[in-house]
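Order of writing sets the labels: A, B, C and D. Residues in every chain begin at 1.
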Amino acid sequence: MLLHLLVLAPFAAAILMMATSKEDPKSSSRLAFLFGFAFVAMSIALIAAGNQATEAIEWFQIPGAKGSVYYYLYSHGLGAWMVFLSTGLSLVALITGRNTFETNYRNFAIAIFALMGAMNGTFLAADAVLFFFFFEAMVFPAAVLIAGFGGADRKKAAMTFAIYTLVGSAPMMVALWYLVSMADNSLVLSLAVALQNLDPSMQMTLLLCFLLAFLVKTPVFPFHGWQAITYAEAPAPLSAILTGAMSKAGVFGFIAWILPIFPLSMKVVDGMLWLGLLTAIYGALMALRATDGKKLLAFSSMSHLGLAVAGVFSLSESMLPAVLVLLVAHGLSAGAQFYLMGIAERFAGTRNIEQLGGLAARNPVFGSLFGFVAVLSLAVPGTAGFVGEFTVLMSLWDMGPLPALVAGLCLILSAAYMLRFVQKVIFGKPAREYVDGKRMTALEGSSISIMGVMLLVFGMHPAFITNALQLFDESAVQEMNKVTHPAAVQESQTVEASADTTGEAEVDENIAAVAQPMTEDDLRQLDSNLKANGFSDEERASLIAQLKAMSESEVADAHEEAAESNEANVKEASENE
Amino acid sequence: MELQPIYIQILALVLFTLGLVTALARRNVFFVLMGVELALNAVNLSFVGFAKTLPAAESVAGQIVPLFSIAVAAAEACVGLALVILIFRNRESVDSDNYSNMKG
Amino acid sequence: MTNLPLWIIPLFPLLGTILLGTIALISSGSKKGPSEGFVGALSVLFPAISFLCVVLLAFGMPEEGIRQTLCNWIDIPMLKVDIGFLFDGLSRVMLLFVTGIGSLIALYSIGYMHGDRGFTRFFAYINLFLFSMIVLVLSDSLLLTFLGWEGVGLCSYLLIGFWNHDLNNCKAANKAFIVNRVGDIGFLLGMLCLATLGGSAILNYDALNKFIEMLIAGGHVELATPIIAVAGLLFFVGCTGKSAQIPLLTWLPDAMAGPTPVSALIHAATMVTSGVYLLARLSRMFSVIPEVLVVVLIVGMLTAFWAAVAGLFQNDIKKVLAYSTISQLGYMFMAAGAFAFDASIFHVFTHAFFKAALFLGAGAVIHALAGEQDMRRMGGLIKKTPVTACVMIFAFLAIIGFPGFAGFWSKDLILERLYTNAPFGEFFYFAGLLTAVITAVYMGRLIIMTFFGEYRGSKEKEAHIHEAPASMLIPMVILAFGAVFAGYLWADSMGIKFFEQTLAPVVSDAQNYALGRISVAHVNPMTFACFGTAAALLGMIIAYVIYGTKRLPRLHKKWGSAPEGFKADWTFFFDYIHEIFIVMTKAFAFIADMIVDKILQGIQWTVGAIVEIVGDGVSSFQARKVRVQLTLSLVGVVALIAVVLMTGGLI
Amino acid sequence: MLALIYFIILAVIAVGAAACVLLSKHPLYGGLSLVLTMLSLAGIYGLLGSPFIGVVQIMVYAGAIMMLLVFVISVLNAAKDNKTPMFDGVSIFVVIGVLGLAGLVGFALVLSPLGFDASTLRGSVEMTSKNLFDTAQTGPGYFVLFEVLGLLLLSSMGAAVLMAKKRLGTDEAVVEEKEEK
């Protein structure tokens, strides 16, 4: 029910918003805030409720496909958090938009709600065709918003944005169609099974088609042409949503669709890893030179997301929580920064950072908040950004020291451009004379600072985020099998086999883990596993005590061997490179 | 010599051709409309003509469909004429070549 | 009273930060601002309470220390870290002077920052700094230490750029943060490197020590050495960043742009010594990799010498002190490099007192002269500000190692350990001694130029010179006492070894292990004391001869190092090396922006243009006349039918 | 034989009238010729054994639609404008195209074997009504279609009224139109 509400109710809200007055932003904004709060509450409930799925409703049948397309929503930790980002950022966008767009607020709210519904659908869809439907549907409200409320060059920006993303996902559509026509239906499992039966070159082609769509959406290095102009020209609240929630759809696609469906070869993984790192570095370098504040933030987002993509393709054990924390942290911090940049633009009338400055003295509360949020985005320990980047770095270190070193370089650069940004915007003296525009209102300030506080809270206790994480657990697989058809037991086995081959590194690690005697870490992990499986405290304690006693004699050697096997892993990895 | 179905079809074809030529070659918008009507009529005739070559059960459709197509043609003519009036008010012209705002 | 929970120590500064930050935010709108007395009282109260807690805990601390785990922090596969605190001999010493000196300097700042617009904000930052610093030294795992590590870096950034209306201050702050970031990445990678060895559990200090001991016990040291050595080097990079060693030293002189109490607290007494703290904390790990310690030793030696030489040429009073800090930090690293971790911490301890006293004295002088920092415009101040002068002279005697003062004991200890422990000990000993002479020279120069001779500033300024208020003098006097007597906690030649015993549980294992493998030379400690004294006296004499008699100071235009507050000319070529990196980065950015991006944009818009042209071309087929369009479609139908007829249908 | 003669007569009238439509100058004449075509076509329907369609043809087409057309033509004074040429360059092109089409279709027609079936149902009123309304026997298909058609006619009427409701040719209406744009 919650899932249906989150996906469909935003559209209903958009339609209801049409009934409100166009001239009176006050009344329409009240309704919009009400809806926004309701959606945020729902998304929090979704996170709290854990994994759940709706009934699979037959939707339509694609010509040439064997099974039909389902309207089938499934929430796992990753999707739920992304939905939280989308609803939360939309709410703040509605709040800040209230003061930015005087007359046309109603239309703004309508488009925001439509965008929110499409994003929620993207993050919750369990059916590939449904996912693709929402994935494309996101583009239109966003493009309309850009064209309707953007800056001076908005027409061009909207066109660039729409064409880039639509063209990027066109090959995916073809590939998806092809794959669906092979498969029993368009759920992940059957797609993966169908892919198994194709020959490798065809698999590769399909993979490239899928990758392209997500690469453009994220965006990753050579496909980022739309990003800077779009983020710069879009109204600031929309830019925040675009970077905070929508661009996550790309990374989400990598995790939720590419990894389960495609057996990735080492070459592809390596390529994507380095592409992600290249994006990170490139974005950071571009941000160093950008003079347009929003472009700077756009490139900074690009840099962070590049890191996230690299983290995804490190395929390490901790990849999923690491990337999720990074995404949530980035969504909140980058979103907040875009909102603040929008307010700065409203206040000073320009977004060229060379012409800004001195806002700390002129508008101290705003300045403090700006500095605070900038620090949060610097991945200072204690903030969620740090947890995300550290764990991603850790995953990268698994692939070898070089990627980690590059990521480290990226962190240094991020400090450089972010400090430059802060210095130019709020410190020093104003670079020119101007009449103060509308200041930040209390509502805006508090909503943005709530985002900041959330970053701190998640930074000190990331378990809030990581506990929600169970992508495709047992029950979901069974659920999908039920939908597929009764004789799917065999299939699920093959899928498991294919999942094992997703990364050689992973396999190596598993072997190493089995070969090692128990270490403290293993015990702890075992403990948590047992807990998850419903063993009582006493049972666990006794079991672990036994294991400890067994491995006590070997502990000294254990560390030793762990070290050796890790070295061996590193060596292997470097050889593979 | 008996009446052959092919004659009816030939007649329908001739009428259709004339209708099409009228619709496309004439510039006066009324003639365009009339040409369309003529072509529609020819198609109706063709329907009925073909229906008569079929056995009992199947010959029904060919004689019912023209009814519908006549009704649709009536609706079309109605809206079409209203459009003509509207355009004529704006353009003061019945030359269909003047109605060229459609070009992108 | 020993059952106090450990988290109470960082709690108070944190509360202070939140409270003061809120006050600062709320009052930012009003012209007058909150009452300074109230804010000042609050801001001293919180560090003082936490100092009290530390004292209470320190007296009841059991031998092996107190360990408390507060809660879980990060819990994901591969990374499980708890928030836990470790209160042992090492963190006790550090905490005592961090909170103690922190409280004193907060008190001092009330006077110094009087009337500043950001009064409340300043104290919020100071409290945040103390919180971070306490977390840094109190944490029981590397990751939590890193939280404090970056936290103090952040506070340093905020405080250096405190007067942010001047962009030069901001630039200095940015430089400090970015250079520190470079070091921090080293720290981060070091942690990752360790984590490869034994999982994330090893990031806990106890677990790490146990791990190393297991390696030693099992005789597997050689196997793990390469990775540990890499980790050690990476950690040392982190230390060079935070403690301003070669090659990351350039930010510290620039950091003098901040308010003087900040320089005293952060850039002299506490934050910059956290690198030394880290080395001592990881001593067990470093003890198995003597090769890395040699690197530490060499870097420390070079830095000490280099910074001392640079200090000779500064005219800005704070910069002299900044270089002197770098130089003293070099001493500490030399000690750590010679396996004398306890000596290095002892020097940290004494240095905190006398350097804080020097900085506060310098602050009082600047305050008295209404912001003048150029020593060439000072002189003869001993008559106008006698208390300040006395404090500074005591601290001066301490820093040059005059017998009986704090610096004498710690510096001699370091020199002694250098001679006995280090490879090529004689060489490093003489380098240290030479540095001590130079130290005495430039510090003598500072004292002479500031307090003796004639006043060289403008006349109207002279009239305004006044002694600092009591709230500034009291901390200075207390610190001066520390500068005199702190050394007696470990007066080796007098047989007092209290300090050594305090630290013994933490570092003695490491030192014994390291020293057990080399032969220790035995020399009479009195010999070293004599040499040290001689060096101090020699330096003072040289200073007097050059600067005292000739009344040299003149306002040379070309003699760089004008007290502009941000330019560090005399870091020799390190600024230029940094510049190379910056230029390289900028060049890459330029390439990325102007070439790669332009090419990509070019491709993008070319494709766009081609599509548009093709579209235009096609749209010219799109006939203007409706009839023609229809006819064309008709022709299409004809073609279609023709095809169907000719092929007999496609199906 | 008699049927053939009747057919030829009607066909000649129909084609001739259609040619008049094509060639007449004034739309009024064109419309009247069209009526003639339709009448003769109705005759052919009767001849073929579908008298109901024939009647409907006369009533709806020749009656309603053509009268509407004639009415509009006579209301809009400018319907006859001598400036607009009857044919132009495009027309030749059109004629060639259409003749090509006709030739091809005619070719196809001639090739296909066709013959009247003796058992064909007569398109009487009874047959038609049974097929349209006796849903028990023939299923709902035609009936639904019929209802939909009713809706279509209603809506098109509404649309036509809406579009043409302004008084014809007044300045006021023109101005308003422009403003709306």
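Just so it is clear, contacts are C-beta pairs under 8 Å (C-beta built on N, C-alpha and C of every residue); 3 or more make two chains touch, one makes a residue touch a chain.
Since this is a predicted model, take the numbers as computed values, not measurements.
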More contacts between chains, B-D or C-D: B-D
Averaged-CA centre spacing for the pair chain D and chain A, given as whole angstrom: 61
Whole-Å gap between the CA centroids of chain B and chain C: 90
Distance between chain centroids, defined by C-alpha means - chain B, chain D (Å): 5
Where chain B touches two or more other chains, by residue: 20, 24-25, 27
Contacts with two or more other chains, residues of chain D listed in rising order: 90, 94, 98, 101, 105
Residues of chain C whose C-beta touches two or more other chains: 625, 627, 631, 634
Pairwise chain contacts, counting only pairs that touch as defined: A-C, B-C, B-D, C-D
Contact footprint of chain C on chain D as seen in their complex: 90, 93-94, 97-98, 100-101, 104-105, 107-108
Interface residues, chain B side, partner chain D - complex: 1-11, 13-22, 24-28, 30-31, 33-35, 37-38, 41, 44-45, 48-49, 51-56, 59-60, 63-64, 66-68, 70-79, 81-86, 88-90, 92-95
Residues of chain A defined as touching chain C within the complex: 163, 222, 224-225, 282, 285-286, 288-289, 316-318, 321-322, 325, 358, 360-361, 364-365, 368, 375, 380-382, 386-387, 390-391, 393-395, 397, 401, 404-405, 408-409, 411-413, 415-416, 419-420, 423, 426-429, 460-463, 466, 519-521, 524-525, 528, 555-557, 559-560, 562-564, 566-567, 570
Contact set on chain C toward chain A in their complex: 24-25, 28-29, 71-80, 83, 143, 146-147, 149-151, 154, 157, 161, 164-167, 170-171, 173-174, 177-178, 181-182, 185, 188-189, 192-193, 195-201, 207, 211, 214-215, 217-218, 220, 223-224, 227, 585-586, 588-590, 592-593, 596-597, 600-601, 604, 608
Footprint of chain D on chain C - complex, ascending: 625, 627-628, 631, 634-635, 637-638, 641-642, 645
